[in-house]
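There are two complexes below, and they share chain A, which is joined by chain B in the first and by chain C in the second.
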Partner chain A sequence: MTRTVVAEVPERPPPKRYGWAGSLLVPAASALFVFVALVQALHVAGVVSFGFANWRPVVCAYLAWGVALCVGQVLRRGEDGVRVLFIMPAVLFTVAMVIFPTLFGLTIAMTDWNLSSTAGRQFNGLDNFRQMLGDAYYWNALQNMVIYSALVLVEYTVAFGLALLLNQQIRARKLFRVVFLLPLMLSPVAVSWMIGKSMLEYRFGPVANLMRWVGWDNPAFFANPWTARLTIEVMDAWTFIPFMMVVLLAGLQALPKDVMEAAEVDGASRWQTFWGVTFPLMLPVSITAIVLRIIFKLKLADIIINVTAGGPGGATDSVTSFIFREYRDRSNVGYGTMLAFVYLILIILFVTGLLKLLNRWTRDVT
Partner chain B sequence: MHMETHERLLKLTANRRGVMRGATAGLGAAALAAPGLLSALSSSAFAQGGLRAEILKIPGVGVGSPTDADWQKVGELCLGPTKALVQQGEFAGVELTFMGLNNQNLHNFLFRGFLKPWEAYTGAKINWIDLAQADYNARLQQSIATGTVDFDIIEMGAPFEGDVCGRGLASEMPDWVKQMIEMDDYVGYLKAPVGTWGGKTYRISIDGDCHTFNYRTDVFADAGLAQAWKDEGHQGEWMVPITWQKVQEVSKFLKGKSLNGQPLYGYLDPLKGWGGFGFYFLESRATAYAKHPDDKAWLFDPDTMKPRVNNPAFVRAIQDVLDILAAQPNDQLNADPGTTGFQQFLAGTGSMLSWWGDIGSNARTSDSSVVGDVVGFSILPGSDDVYNAKTGQWDTLASGPNFAPNMAYIGWGVYVMARVDADAKLQKAAWSAAAHLGGKDISLWMAAYPSGFQPYRNSHFDIPEWTGAGYDEAYITDYLASEADSYNHPNTAIEPRIPGIFQYYSVAEDELAKIYAGQFDAQSGADNIAAAWEKITDQIGRESQIALYKASLGL
Partner chain C sequence: MEPASPAVSTRFDEADVPRPGAGRLARLGARRVFLYGALLVWAIVCLFPIYWTVTTSFKTAVNVTQGHLIPWLDYRPDWRGWRSLGLSPDTIDNVSTVREEFLSRFTNSAVASLSASLLAILIGSLAAYGLARFRYRFGFMRNEDISFFFLSQLILPPVVLALPFLVLYKELDLLDTRIGLILLYTLTVLPIVIWIMRDQFNAIPVELEEAALVDGLSIWGAFYQIVLPLALPGMVAALVLSMVLCWNEYFFAALLTSVEAKTLPVMVASQTGSQGINWWSMAALSTAAIAPLLIVGVALERYLIKGMTAGAVK
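What follows is the complex of A and B.
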């Protein structure tokens, strides 16, 4: 029987004597913040003639309100208030940098806002969403994302193979680990130019010349839809397979040795050991690697923008590269934001569903 | 005087294209002659001749790329007009912000060097906002839309005048600047209405853009090909095509043929988008079909903004591209204009190409060019017939083929923002800096050396000045004549300077890519472009677009 040690809970200190000040400070700062924000909003909307030249005073008011909130907690709640200080700044930062921009983005997504329009931003409800439903480019890009995401399984297979290889006692193992990691250290933009626009270049690219040498008469990597799509996939895979490989390698190194030795003692072949022991034990790590990789994959844009601009005929377009064009080249801010929001929701739904499915499957297998 | 000038032009460019240009563009020749181009300019520039000759020797053609020290030297030597109007140290304490490009064609790098002596003399300080070309449009539009114009001077293309000048964001040019930069020297098409909005002048031109026709002289001088052309029963002599109909025929003829062991290709179409800039290349094919001499408009109906991009003229141009797809290099679908111009044509692939003046200025100066000795220049090809949007009929002109050079982008300019107007000292400083960059003499240096800009003043076409700098006379004569003939042509297709023009081009690129990939036929794809353009027009505001489009056309 083990003896349970219960830590003594210190007695809560009584509220400080400046609690009244805290009770005044927070409402006063809140009122100031609301007042400044309201004045500026009305000024920008043209309702009132007075206001500030820009939104900087509102940001300052928010900061002041945040400080007042923190100080008020301490004044009113003493030690408990001090504890709140450990998390309050992070909460305020998240509100300012994540929650507010998200909500603000949502309002933009419901506007007709073309930067060239003299009318400026106009609320248009769900018109952008309805336009999206009929936008062949968006659906084409989504379809491409399904293909790109599905190919993550191929990347996973390659990464697992490499991880298994590097987990063996082979010569120059450390060197290989570093070498295999190099692509991950490269910016996708650099990969686009070095590989997509130089090595794969039809006229002088060394890879194109090699292909000619092995008998491919027309090594045009980006002229045919499927060839282009696969070439983009290969470049992206080359960059990110090392990431999956590292994650899987870490998982392999953490596997319990005794289970492997038991399998060996029982006379299991290497293949049986892999399928019966290694693979099931690696499933949680594998799922983590695959899900993270899919999340990376769903952001695929830079290589496409640089190498094919989505072509030929939209064959390589990703949702992000399409949104980029809609935003940057067409200044269509409202519609572009709606596309991004819908994509965000789709990603959240997809990843959540995927995790649930995989968890259930993992439970069944293990 | 006119005939004399014309004769000299013909003598200098005494070839088939020169005669053709003179015959078909009589008005153009007259316009060319009117300001006393070529020989007449020698005398007009006499007073400044010494200075001009001196700066053109910095560093000298063929002795390597100019450096920052060279730019500063040129800037220093060209300070004369500034010194005449500004006291030394007059702008002490003034800080200006200049927004421009930082791309490889130099732009801001060059301006920094040119303005350094100006800063030293006037006492002003310039802060720089450097933008990649791809980010330029987005940055500018965001500044305008969010009311955060944080620059005093901007390097900007005329297509954006609708966005900037149309909204009252630019400062009107003072008269003393007009005198200082000698605006009368601009080639015809850069004069009003370009650079103006609502009758006010805003722009200091530092560039003059147009697409010209670049071709391989060795291909069209080859006896073997001439014989093959004859043997295959083609009409006419083997020569550089002067109409798009012939361009098509020649491109198909060259498929499968070779020269000096290298496979030959005909006309190169950049088929991949380029942030909207790729649409210019379809325009260059279409203008001869779509720009009727009796109609200033060619891209939209000026009364309704109804797109003309799906009319028979543009559809024919798109179909032309499709008809020679198989005759183009195998990876052409993934070739954007940059690739087509610099990695293909300059590297020896392809026989014909439409591009801005950069091809000519790079052909002999770029290390990657192999066509320096075998490249010729002309205005864009014409067409045997031209579509009349008003009657819906194809017209055959009594004067012969219809030529319509594409004034693609209308060149870069320097604009001063209205935010300086509240402070007289600041305003004078900003305009002084801008005028220094747009000065007559400094502009000659920019036209002659790598700068990102091409000739745009009548005084830039004085051949002896160029030969004095080290250029080959025949080469530079041919090159400059193609530019001058384009600028001064009576039927130029001028770009609409309306807000959001690159949105129209960008969406067109996407639809064209689908057509080229075989997903739509020419008419359906063009209809898709037109539908997308209608949406953009409605989004930006149809009535205001109509008004601005008419204003930009001078209607």
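What follows is the complex of A and C.
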């Protein structure tokens, strides 16, 4: 990937004339923003009597500050400033929507804050963390996430098989591709209802009937922890296998034709061609698909919330569904936020570790 | 490879074909059977739940509990499910509170997903273009770091932001508003849009813009008049993918909306608990909730695939 700077063209002189205005505008807007935020903070704290009904004006001040920053860039730096304008909106948006709430969340995580009680927030230091260490349900949810993530490899195998099928010389390939893609477009909530509640219904669900016919006398999918976990996994896999399939299929179609033909001419069997040529060549695409899938898997919640609500006894809980219930039942944002932050740190460690490991491994293999 | 056979072939020649050839043909046939068999099985796995939902919306209680499968053969289709939604032919003209609610949830979902996707495409495309073409330096942050900053948002699980946003939105009076949802949805799809669009812009030759700049267009003019039309397929891909994700989003909507801005998935989810399950009306509701995406998905499948495979294959 090469990036080229489109700057080799005749440079127009930057309009320095208004530079002073730019240097003035940004500090002024910053001052306004800080002032508005300060007034509101003091108002909420009860120090000053005047202020706003809610924090919205502070958001407006932030927007004004953002606009002033952009205008200031153009006035002060001319052409370079214009270039900066391209990434400015996204950066300002992400900072406001991620960095600020995350920092704010850190302060919530160290409080005992029940939204439905009048007591308001009380700072309690690391109490939430200590409580978390003894929370068997949270550890159980984390353990479930490990299981769910490990099962991505099974999904990958199925998806690879489907991609290979679609990559053959077949009729109506386009039709099959559309059909195979359909589950991805269904909302997890609809899937929970359609499959989890309706088709797996013990008395008359078609899948339960099929299972009886196959020979499982008592097709209660959510009675036993392991069958419940696997059933949730199957539903989630059903919606997301198409994603991996599409990525792998694109990879298969981009394989160099001559290499494949050479293997065939050499008299390699299909099995040998697959393990000797296709699979190694597909490794980078496979890794992309698996890593993306694991990232999506770590957000798994909707199906669990709607089908089992974590049951039986927390056996199917994902971290997200557990925190969701924890908040719904006790409306304590402090504890829930602490759990979420610990999860975030674990995810960051896990994903960076995984990427490092995979990088080194692919370098060794290829 | 068979040895070259005489140009004129007769029926006798075919009879003379040695046995290994016939075996090979049989093997090939078996392979075909297996291939299409596997394709068909998976097609059924994909389609049956949808079929089941659509047909259940036309079943009465007896038909559901007896597990009837095929309309007209097994049971007589009835508008039962759709009537309870106020969407059957005989109730479509009457006043229906359920239909009112359904339509308002539908509009909320449509407005939220469309606006969020468009907003994400707007700021995401600009950022992706900047990152693909210019070199930035903000303190220690170079292009690679800025790209990583955006893409790393993808691993941020929604649950981390959910509770802080609950409190923040309460303070901002944005709880249960469409704007609140739109902002959050934009955030969740922004990394994906930037990912797709950066790939798209990298594929467009720089010479085009250089020529445009020489011709006297400004940077923004070149972007708007030259690059944007070329990047349109990528933008449609990003739009379709974002719309699918936003339309199906449940977690934030369940936490942050209650009355006004409730979306369709929340409505579907809230039906199950109350008084037993009305299978037919749930089925009708689910069908109505998934129908728009099925149509969009089938019609724009090409773009959906383009969006999902962007950047995955070099």
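Convention: the second predicted complex is superposed on the first by the 352 of 366 C-alpha atoms of A that agree within 3 Å, B and C clash if a C-alpha of one lies under 4 Å from a C-alpha of the other, contacts with A are read in each partner's own complex, and residues count from 1 in each chain.
Keep in mind that, in the parts below, a contact is a pair of C-beta atoms (placed from the backbone, for glycine too) under 8 Å apart; a residue touches a chain by one contact, two chains touch by 3 or more.
Because the structure is a prediction, the values reported are computed rather than measured.
In the superposed pair of complexes, A:I87 makes contact with chain C only, with no contact to chain B.
Once chain A of one complex is fitted onto chain A of the other, the partner contacts of A:D302 are limited to chain C, with no touch recorded for chain B.
Applying the stated contact rule after C-alpha superposition, one finds that A:R363 touches neither chain B nor chain C. Of the two partner chains placed by superposition, only chain C is touched by A:V351; chain B is not. Once chain A of one complex is fitted onto chain A of the other, the partner contacts of A:K257 are absent, as it touches neither chain B nor chain C. By the touch criterion stated above, A:A315 is placed in contact with chain B alone, chain C being left untouched.
Of the two partner chains, chain C is the only one that A:V189 touches; chain B does not reach it. Measured by the number of chain A residues touched, the leading partner among chain B and chain C is C.
Of the two partner chains, both chain B and chain C are touched by A:Y327. Of the two partner chains, chain B and chain C are each touched by A:R203. Across the two superposed structures, the residue set of chain A contacted by chain B and also by chain C is 113, 115, 203, 327, 333. Those residues of chain B that touch chain A in the shared complex are 134-135, 137-138, 141-142, 144-145, 163, 166-167, 272-276, 329-334, 336, 343-344, 347, 349, 499-500, 502-503, 506-507, 510, 513-514, 516-519, 536, 539-541, 544.
Listed in rising order, the residues of chain A touching chain C in the complex are 1, 3-10, 53-56, 59, 79, 82-87, 89-91, 93-94, 97-98, 101-102, 104-105, 108, 113, 115, 161-162, 165-166, 168, 170, 176-195, 197-199, 203-206, 209, 238, 243, 246-247, 250-251, 254, 284-285, 288-289, 292, 295, 298-299, 301-302, 305-306, 319-320, 323-324, 327, 333, 336-337, 340-341, 343-344, 347-348, 351. Only residues 112-120, 137, 201-203, 218, 220-223, 225, 228, 307-315, 325, 327-333 of chain A touch chain B when the two sit together in their complex. The part of chain C that touches chain A in the complex is made up of residues 35-36, 38-39, 42-43, 45-50, 52-53, 56, 64-67, 69, 122-124, 126-127, 129-136, 143, 146, 149-150, 153-168, 170-174, 183-184, 186-187, 190, 194, 202, 206, 209-210, 213-214, 218-220, 222-223, 244, 247-248, 250-251, 254-255, 264-266, 268-269, 272, 277, 279, 282-283, 286, 289-290, 293-294, 296-298, 301, 304-305, 308-309, 311-314.
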